[in-house]
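Read from first to last, the chains carry the letters A, B, C and D; within each, the first residue is number 1.
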Amino acid sequence: MSSTLGTLYRVTTFGESHCKGVGAIVDGCPPGLELTEADIQPQLSRRRPGQSDLTTPRQEADQVTIYSGTEFGRTLGTPIMLLINNKDQRPQDYGEMSQVPRPSHADFTYQMKYGIRASSGGGRSSARETIGRVAAGAIAEKWLRQIYGIEIVAWVSAVGDIEAPEVALETISRPEVDANLIRCPNTAAAERMEALVKEVLAAKDSIGGILTCVCRNVPVGLGEPVFDKLEARLAQAMLSLPATKGFDIGSGFAGTRMRGSRHNDTFVKKTARLGTRTNHSGGIQGGISNGEPIVFRVGFKPVATIGMEQETADFNGDKVLLAAKGRHDPCVVPRAVPIVEAMAALVIMDMTLQQQARQGSSLV
Amino acid sequence: MSSTLGTLYRVTTFGESHCKGVGAIVDGCPPGLELTEADIQPQLSRRRPGQSDLTTPRQEADQVTIYSGTEFGRTLGTPIMLLINNKDQRPQDYGEMSQVPRPSHADFTYQMKYGIRASSGGGRSSARETIGRVAAGAIAEKWLRQIYGIEIVAWVSAVGDIEAPEVALETISRPEVDANLIRCPNTAAAERMEALVKEVLAAKDSIGGILTCVCRNVPVGLGEPVFDKLEARLAQAMLSLPATKGFDIGSGFAGTRMRGSRHNDTFVKKTARLGTRTNHSGGIQGGISNGEPIVFRVGFKPVATIGMEQETADFNGDKVLLAAKGRHDPCVVPRAVPIVEAMAALVIMDMTLQQQARQGSSLV
Amino acid sequence: MSSTLGTLYRVTTFGESHCKGVGAIVDGCPPGLELTEADIQPQLSRRRPGQSDLTTPRQEADQVTIYSGTEFGRTLGTPIMLLINNKDQRPQDYGEMSQVPRPSHADFTYQMKYGIRASSGGGRSSARETIGRVAAGAIAEKWLRQIYGIEIVAWVSAVGDIEAPEVALETISRPEVDANLIRCPNTAAAERMEALVKEVLAAKDSIGGILTCVCRNVPVGLGEPVFDKLEARLAQAMLSLPATKGFDIGSGFAGTRMRGSRHNDTFVKKTARLGTRTNHSGGIQGGISNGEPIVFRVGFKPVATIGMEQETADFNGDKVLLAAKGRHDPCVVPRAVPIVEAMAALVIMDMTLQQQARQGSSLV
Amino acid sequence: MSSTLGTLYRVTTFGESHCKGVGAIVDGCPPGLELTEADIQPQLSRRRPGQSDLTTPRQEADQVTIYSGTEFGRTLGTPIMLLINNKDQRPQDYGEMSQVPRPSHADFTYQMKYGIRASSGGGRSSARETIGRVAAGAIAEKWLRQIYGIEIVAWVSAVGDIEAPEVALETISRPEVDANLIRCPNTAAAERMEALVKEVLAAKDSIGGILTCVCRNVPVGLGEPVFDKLEARLAQAMLSLPATKGFDIGSGFAGTRMRGSRHNDTFVKKTARLGTRTNHSGGIQGGISNGEPIVFRVGFKPVATIGMEQETADFNGDKVLLAAKGRHDPCVVPRAVPIVEAMAALVIMDMTLQQQARQGSSLV
């Protein structure tokens, strides 16, 4: 369904960039989880705008309020409504701007699809829509950590053509990722990335990049063949994010060049159970988690809003020159880190509950 | 839901590699469509095994029977049950084989998830499961072609490290694709690919590859923000296929290296409506089709079943040497062509019906 | 899904009786509908508590705020978040009360299901949960009225053993229904009902009743066989309301006593199309609307909260005497009128959009 | 979704009355359940036509074949396809019959909704569609009995105006129900019912009736507030059956006449947990099972197909006289017994899996 994700842990987001507020309803969160706003705020703060001169200057505290679903700091098992008010709205009037669909934005397609669109900002296609996801993901993450010790960490692995070397998947942590503004745990690469972002910013341009994400301690058996294979749901989740252009898992596109004899992850006895020597599968085989770390990449295009003048056409088809005046990020990947983590948490949470349904038989 | 795909055009597949039959129920097909088995068989024949010495020698005619949902050659708007009997089954007994989970197969994860698994072949993780999808996709394709003139064509754009040059997206056709066994429309590349596949086959090995797919004449406005963005649903659909490791759309991962000023698809007046000069967006902006060709890539890993001996472990963790005896393809991509087309058709069909729901107001 | 209703017009409600607020997200509302809070408030005011001495004295203005999904008074086609703050909360501390599950309330089952429950009021099982439904239903109703001229009117047809005579289904209107406090359009019956309610109130007791609802001008063809037959979805919607014990449609349970020769609704030419002489079918045949008025009944049990002392057991199984101190209605049916109307609107709306999906073929 | 029921235990039925076959796919059945056709056949045989001179003379053995989802007599956790061939088809040609929509049948509404309809029999609205439900329900029942000891028994409690006295809910069994052809466990009432059915049959007429169903040993905690309350899902399931006009639970419509002081089910310590003295709630409070027997009634209208001549109109609106020639039951309730049991099993199964998802935390 369009604004709802998940079968048992269901998140429904709402809100445009310039309406009264944004947020989400989380339905299906297990009861009894300790939960206050303090569990949610850190990830929201990691994604909020105005963090540094590498991000959009729009100022939003993005303070979340839990409206329902908890009492005395515990979840009741009922829908949790999460509300974040929009503060720094600048709704523009119906001026020239609204007659020109911004290139590679959603102005044109929303107008054609709905016959109407939010007159200012990106409306529902704005990155502000992801706030509800991040809040909902933070709740999922807390439960997954408490019950199964699951850890989810994403980082910037490429900006433009600058690629970071591989990181230690077993240990990489959020503090390491947050050690620099670009959120690349390799300091040398991070410095070059930062310089590149500043360069494109100065040129009134933008640049794309890639995030890598690892999910550790995921139980064996998650993922519902055939259409809800774990990687299929992760792919949907990631490609549902604004500005994403690609997803691959494990060996990914590079793996298409390999031979089976090298690509196959042969089995070996590990402490508690069978594991694999290599992890080209990225922690998933046949659509089901195998206990190895889940590793995937998400590609983000360069931000579409640029200060540089572009020749384009208005809705009537007449040629116009457009130079964006709005506030925007020159590169979206640093702020995308908590968003990708949230989406991974939402998918894994839903799949965990579905697998629990299969294993239980302990009702009174 | 695990074996069901879609909201309004819903496909539920069934069947293991060695049970009595495989197939699907299509629920939600519009009434009044002319439909017989002859509309479905061609795509099934394009995917069936035993087509050439580049594919598995398993012999299956894969003849489809329509069990319900049509009368006098027209759809009734009711569920269409499509049944394809398994013929060339070779169910093995509980021998040594079943004690050794095949590397990079689903034996281990199915066993762990379900506590049981099909003792022979790949069970539900087998490529035979895709037969139901191809049959259901053929129906969707017919309707999309008749009502909207939509054309969907996929081809092999890479095998191992051999990449085909770009093809003409506006004209590429299935006959061109089928002109050679490898299904790459560039003859020179196709020859090199074929040679490579034969080489890995001789070496009892396997190799991966990439498919590219274009969807033409897709109406503007398809895709349901935010979680059912068109590219999100395509990504899920493709990553739900066996052996897939990656999906990207338009500029894809390569686009992450570009600057916004070059990547942005500026608007220009085309015959009937606004179009874009370039198509880095791959026909989708903000999750909604924009009328340009939809272009995406799907990466397939090398086939896991290889004749070469591999050192691995059995379910007890004891070291074993395994050399596959089963029948298999050395490279999956030629037969994946109709499968990828089917998945694209299923997604576009469902999104088309959802958009029709929004536009109508003509009930009696 | 538990807190979400509908396939294309999807309503997700949230909120407990004593949390910060209650409301709903409406996802899938068609774009371009004129909509402000003034379109929603009237039905909320019809259901709000404190309307008269026949209803609970809890005072709630139940003012709705539209948080998202509209701009300049028109729907954008995006999720509409509707928030109604709880004002007159009286959260009780963990006292004796919480150790005694109230008879025929949800205290016991919520505690057993979730291992936790809202400590005060009815939590999620409270009638306050229906506020989000009424708000969402008011939006659906406006669209259905504008596009198809659909009219939905419910009224009290029985209180205890006092039954109102049949009303004129073609003309019965909300003003007629609201002409008295009990919302029974037959004045004589209404007076007797009112007297009965006052009598049970004085006796610190409660009483049940029945609502009848008619939906006029419903297009032919709504309802999705087989599991989403129109009457099946109406039945689910009505039985999902607190305190409901039964649903029947057309001739209903009384029809089970009839012979086919009398029960059959034979066809006759009406102005625009075929109609039926009688309407024992209640406007639905084979799960699909036939253009005749849809008529159904919903039975409500006597309110479980009564001031009279009851002998019951606490959670430990020890005998206790319980006399409710909370505020409550002696008879729920007058306030249930707009709630039943809302549920009917939600179902018809969803079915209308689904049928529109089938009929359209007009995308660009 | 129209032909799919359930969230975790999902049943998708297919088949018209005169196509090649009918059946269902069951997706989500727990793995490891012993299952062969012999587990399913008994309930199919209880519902099959031609059992006695009280039922339609159409002869169908209704032999089920399991096509997928099991191996060596155990479920694999994968989709189970159940196929029952239609044998005694009598597809009529496009004759006069098809120009006259049968009164109180679905001919008119199907034609209006889909613009086409099955030319013979009831197509998808035929009672043959329920075969897939009964087969799927038999599997659910087996699992529910094995894991939780759940017992589901339905019986005929009224035919026309002949009502059977109350039965012993704790002990009533299927053999008792099947002791006579009418399936009413009270012999005296059964004899009168049988005589009535024969009378209406002789008069070329038909008659309605009521089924009562009890579900014993249902775990506490099933049902998903708010829209998937257990009684709401039961109501939907029952009203999705052909010819049903009403559903009520516990005290039902009769309970609307009672006062709260008498209606309330006060608590009392029972062996293992709290129980209730009375069971006006019908085993469900707040939408959640409370451990008491679940008891509900389903009302069936008189069969619409009657041999008696009726004055009606053809599709053009011209007056015609119609006397049905087809085979039909004079009273549907005896054969509806296993169907109602199946629907109850499907709902309880799905709710059980959903509650198991909430309680588990034991994945590896």
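Details
Here, a residue touches a chain if its C-beta (ideal position, glycine included) is under 8 Å from a C-beta of that chain, and two chains touch if they have at least 3 such contacts.
Note that the structure is a prediction, hence the values are computed from the model and not measured.
Fewest steps needed to get from chain A to chain C, stepping only to touching chains, is 1.
Among the remaining chains, D is positioned farthest from chain A, on the basis of C-alpha centroids. The interface with the greater count of contacting C-beta pairs, when B-C is set against C-D, is C-D. The distance from the centre of chain B to the centre of chain C, each centre being the mean of the chain's C-alpha atoms, comes to 45 Å. If you average the Cα atoms of chain B and of chain D, the two centres end up 38 Å apart. Averaged Cα coordinates give chain C a centre that lies 26 Å from the centre of chain D.
Among all residues of chain B, those that touch two or more other chains are 1-4, 7, 13, 31, 77-78, 112-114, 124, 220-221, 225, 273, 355, 358, 364. Put simply, chain C touches chain A in their complex at residues 1-4, 7, 10, 12-16, 19-23, 25, 27-28, 31-32, 65-72, 74-81, 83, 112-119, 123-124, 364. Note for the complex: chain D touches chain A at residues 7-8, 30-31, 77-78, 147-148, 219-222, 225, 272-273, 291, 352-364. Listing the residues of chain B that touch chain A in their complex gives 1-5, 7, 13, 101, 103-106, 108-110, 112-114, 124-125, 129, 158, 160-161, 200, 203, 205-210, 220-221, 223-229, 231-240, 242, 244-253, 255-261, 263-269, 273-274, 276, 280-282, 284-290, 297, 299-306, 308, 310-313, 315, 317-318, 355, 358.
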